[in-house]
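Chain nomenclature is as follows: A, B, C and D, assigned in order of appearance, with residue numbering initiated at 1 for each chain independently.
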Amino acid sequence: MNELTVFLIMVISTLIGGIYLGLLGRGIDRKIAAKFQSRIGPPIRQGFWDLKKLMLKQTIVPENSITWVFKGAPLVALVTSAMLLVYIMVPYLLYLTGYESPMFAHMGDFILVIYLLMIPAIALVAGGFSAGSPLSTIGSQREMVVLMATELPLAVTVIAFAVKMSVLAPSMPSFSIFTAASNPVWNGMGPAGILGVILLASAFLFIIPAETGKIPFDQAEAETEIAEGLLAEYSGKYLAFFQLAEALKSLGVVALVVVLFFPQGVSTIMGGQMIAGGINITVPCEIMFFLLKVSVVYSVSISFIRVSMARLKISQVSKFFIYSVSAVSITGFILIMIDPRIMAM
Amino acid sequence: MLSTVSRIMQQFFGRRSTNVFPVKYAPESVIDALAGGDIHPPISMPEGYRGKLSYDFDKCIGCGMCLKVCPAKALEDYPIMDTEKNRPSKRIVFYRGKCTYCEECVKVCPVGAIKLNPDFMMANYEKYGDDQIEGIEKRREFEVKEGQ
Amino acid sequence: MLHPEEIVNKLKEYIGDGLLEWEVRTRFDGVTNIREQKHLYIKLNRGAFHRSVAFLYKISPLHISCPMASIESEEAIELIYPFMIYSGHGDQTEQPLIVSYDIPKSDLRTVSVTDIIPGIIIMERETQEMLGIEVENLPDERRIFTPDNMEEGFLPLRDKVSGISEE
Amino acid sequence: MSNKETYKLQIGPTHPAFKEPVRFEFEVDGEHVLHADIDMGYTHRGIEHVSKERNFIQIIYLLERICGICSTSHPMAYCLAVENAAEIEVPARAKYIRTIVGELERLHSHLLWAGVAAHEVGFDTLFYTTWDIREKVMDCLEVISGNRVNYAMLTIGGVRRDIIGEVAEAVNKTVEYYSDLYSQLEDIMLNDMSLRLRTENVGILTYDEALKLCAVGPTARASGLAKDVRADYAVNAYPDIPWLKAITPNDVGKKPVGDIYDRIVVRVLEIKQSVDIIRFCMENMPGGEIVAEPKAVKVINQLKKVKAHGIGRYEGPRGEVSHYDILDNNECPVGVKVKAPTYSNIISWVPMFRGAEIADIPIIMSSIDPCIACSDRASFVEGEGKKTVSFGELRKLSMEKMNKIRRGL
């Protein structure tokens, strides 16, 4: 098969699957949260219904808003979120399917992923500022603070991975997701290094809700404080775009964590191809296993954390990330660096 | 922190506290859809529940004590002619939409013509619709008879 | 802890003729442990009111229990301040101290006691807008419960002025 | 920036954090509140004025609807006021039943508050948990009185329903349920990290301010001011309880700061206290009549002959409820003055907001357990456009409408 055809198939299937799974994930998340809160909760299909309803609703643009920013922001958020998902998923799918080609070796650069993580948030901020309401302005300011606070631990993690990858697979590009997927970070490491990776993973446990704007880090939306903050003025299809963008971004961030920390596929664990009835079912099994991992990470880092904590204040969020989470991730980074096996190489 | 988590886990694995709205009261289209599935019976009301008001037109002697105590003025004096004795006889009309379910009229009624039932489903589109006025049917019948 | 009669005597010494009438009423409550509760009703001269409150506050900080009630008669409005004295000590010590004075309708003015009891401000603002009694020295004169665009001279709690008919 | 630009943030009258309409105007610098201003009066219903047109029995149910949560406190204070004026002796058993219903209401109100406060800080699980726990006391009240919210238990000179047989059993079961659950609840409410982060050293009301601003209820007690009508002033069966006292954070060995956390402490301890009071009352309830005069019409006629003033005070769940009634040889009182706990605490909001962040606004606002509807109760309604419609006119209009509809029948 032509490389380009494979690439296009993967992108399109990721997009379609991503939208479907993202909305389904929202439904499952709400159901699980409801279960934690001892209630029934909405049907799992609620995400799709919400989207459908919002698309049909009248869209109101505030009079004193900057119209083109206000209208453009949701689209930017949606497109970049979709790009983020594609950018994380395609290299990983390539790795899972075992399709190797020099063209794809550099795919999925960490630095670009960090930027892509930022752009939907910046689009939200721009949309919030342009709406011209004091509540959305406060929401935008808060979103900026959360965005900046999470940058440091995120960057530290990425650098740690790059360093580790350069040691594990010197022949491959260090910043590539493909490399990280094919060389699990847990390999070739002593106890100190493993502890370091665990610390990095636990830092990510809090970065995920912050990136996706969930309690305890939903200050930008904070329903009871600033009435949905930067989404306060959005309605109709623009709100639907933001919701879809958020669903895609949540899936993307969770997928990133899975790819970085738990990339091992079924075949790696079982030590070979999966064959049932003479048919090679490795790829479907790999995808199912991946979805399982995603749902576990999703329900722990998004659903569980969100039901077990109160919303923090914005000053506490910045302190929490700049001091505690950064300290944890830097410690993790140092532990990985001083791991004797890395030192030896 | 630990106790919070343990409570959350307890809730996750325990029985949920909410209940689906009793199907008995749902619209018919919904009942059809749910007929094959899980139908929740309505939760039983305790004895002495103060719900929908009912009024026994024939028992009423028209003393008007209930008019005096009703805080919401949900009762109206509606005198009609008693044809047998040929004198106006006081009968009461109750506006259910105004009722506050304090049970004061029930307590004060000397003949027990007023009761509060355990029925609690009283939502209605019309504030003064026929089914929101207790005692009006009898009154109507009477009017029709009078007219003849 | 002063007995109601002692409070009255002290007050009499201080304001003299300003104290018009006084009465102590007792109520009992409790079942096995019957407690007696003394209510002191004091009627003052309008001019003596502010000084008396300042004097009483020195005995023990006053707590304003209820907004000012009023009785309207032909030529005057009687304002009733239900204060509590010795509150916040626990152990059944609180005593109601109900201070009232007449305001002639020809001169509907009184003096604010917010300088002594800051917590009374909402109640004085309410009295001002509901009864039309002008409260002097009130730090915040805006309306609180009634809207700002309400027509002048509409006084909700004064039947004879507002024109609300008794059915 | 040398000259700091501040801007005005309007919160309310409708806002997701507020359960009832009230409007705040904050002067805000970034996330910090510099000054707060309060505007009320969005839920005026004219209850004090309407009361003057109803007879003494009707007023009980009218006052019950001042507030859904304090639906025993207001009638209680009113009945105490009228009994005080007319010198009616309440039977001993009625006093105990009043106490039990009042304490059950406190239990339910404090749990409701805990849920609301948890929701304000975004802790929805605690909100669902406390409201789930609260269902038990609501069920118990339903068994006692026949309704979950408006109990209609009180009447002048006693109570309307007895607590015997199955009902008494239901109360005992409720007491057991809460004493079993209390330690877990206390642990969650007082030791949860994220809750402490949000509530400690936020919305501080000092002792002096509480005293000067006449704060009442848990708000005052959290500041160390031991003001509790149950302990200060003899009502119902409270004088019988030897160990009853006003709860302050000192009871858990904590110096009162007057912040929101202290208000949580006071309320959580009061849940335990309420359970103990109910148990005490169930064990020591004397027998006998439950009402001095069971015939409502007779009571009205009896009160017609009274000319006196009466004051009724009761410690509602949110603080002191105080009524001042003036009886003047009439079927209706000449004056009814109502004070809800929030009314006393409104002014305490101003110092609490000093130095707060925007994120603290909802939790400070709900920390006094406000009931705006209780405080707004004067006498007219805003009509269409800018015209002000008096209560009488409004009623006339609605009567006309009703007649029109009725004619159409």
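Note that in this section contacts are C-beta pairs under 8 Å (C-beta built on N, C-alpha and C of every residue); 3 or more make two chains touch, one makes a residue touch a chain.
These numbers were taken from a predicted model, which means no experiment stands behind them.
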Pair of chains ranked first by number of touching C-beta pairs: C-D
Far-end chain from chain B, centres as C-alpha averages: A
Most central chain, judged by mean C-alpha position against the global CA mean: D
Chain A and chain C, separation of their C-alpha mean positions in angstrom: 64
Chain C-chain D separation of Cα centroids, rounded to whole Å: 23
Geometric centre distance via CA averages, chain C-chain B, whole Å: 44
Chain A-chain B separation of Cα centroids, rounded to whole Å: 54
Touching two or more other chains - residue numbers and ranges from chain D: 125-126, 128-129, 132, 192
Multi-partner residues of chain A (each touching 2 or more other chains): 36-39, 307-308
For chain C, residues that touch 2 or more chains besides their own: none
All touching chain pairs, where touch follows the definition stated at the start: A-B, A-D, B-D, C-D
Footprint of chain D on chain C - complex, ascending: 27-37, 39, 41, 61, 63-71, 80, 82, 84, 87-94, 96, 98, 117-123, 126, 130, 143-147, 149-151, 154, 156-157, 162-167
Complex interface listing, chain D residues touching chain C: 39-41, 44, 46, 48-49, 53, 84, 87, 92, 95-96, 211-215, 220, 225-229, 231-240, 242, 245-246, 284, 286, 309, 311, 313, 320, 322-324, 326, 334-335, 337-339, 343-344, 346-348, 376, 378-380, 382, 386, 388, 390-392
Chain B - residues contacting chain A, complex: 4-5, 8, 11-12, 14, 16-18, 20
Residues of chain B touching chain D in the complex: 1, 3-4, 7-8, 11, 17, 46-50, 65, 68-72, 100-104, 107-108, 116, 127-128, 130, 136
Chain D residues within the chain A interface of the complex: 7, 9-10, 15-17, 30-31, 118-126, 128-129, 132, 192, 194-195, 197-198, 357-362
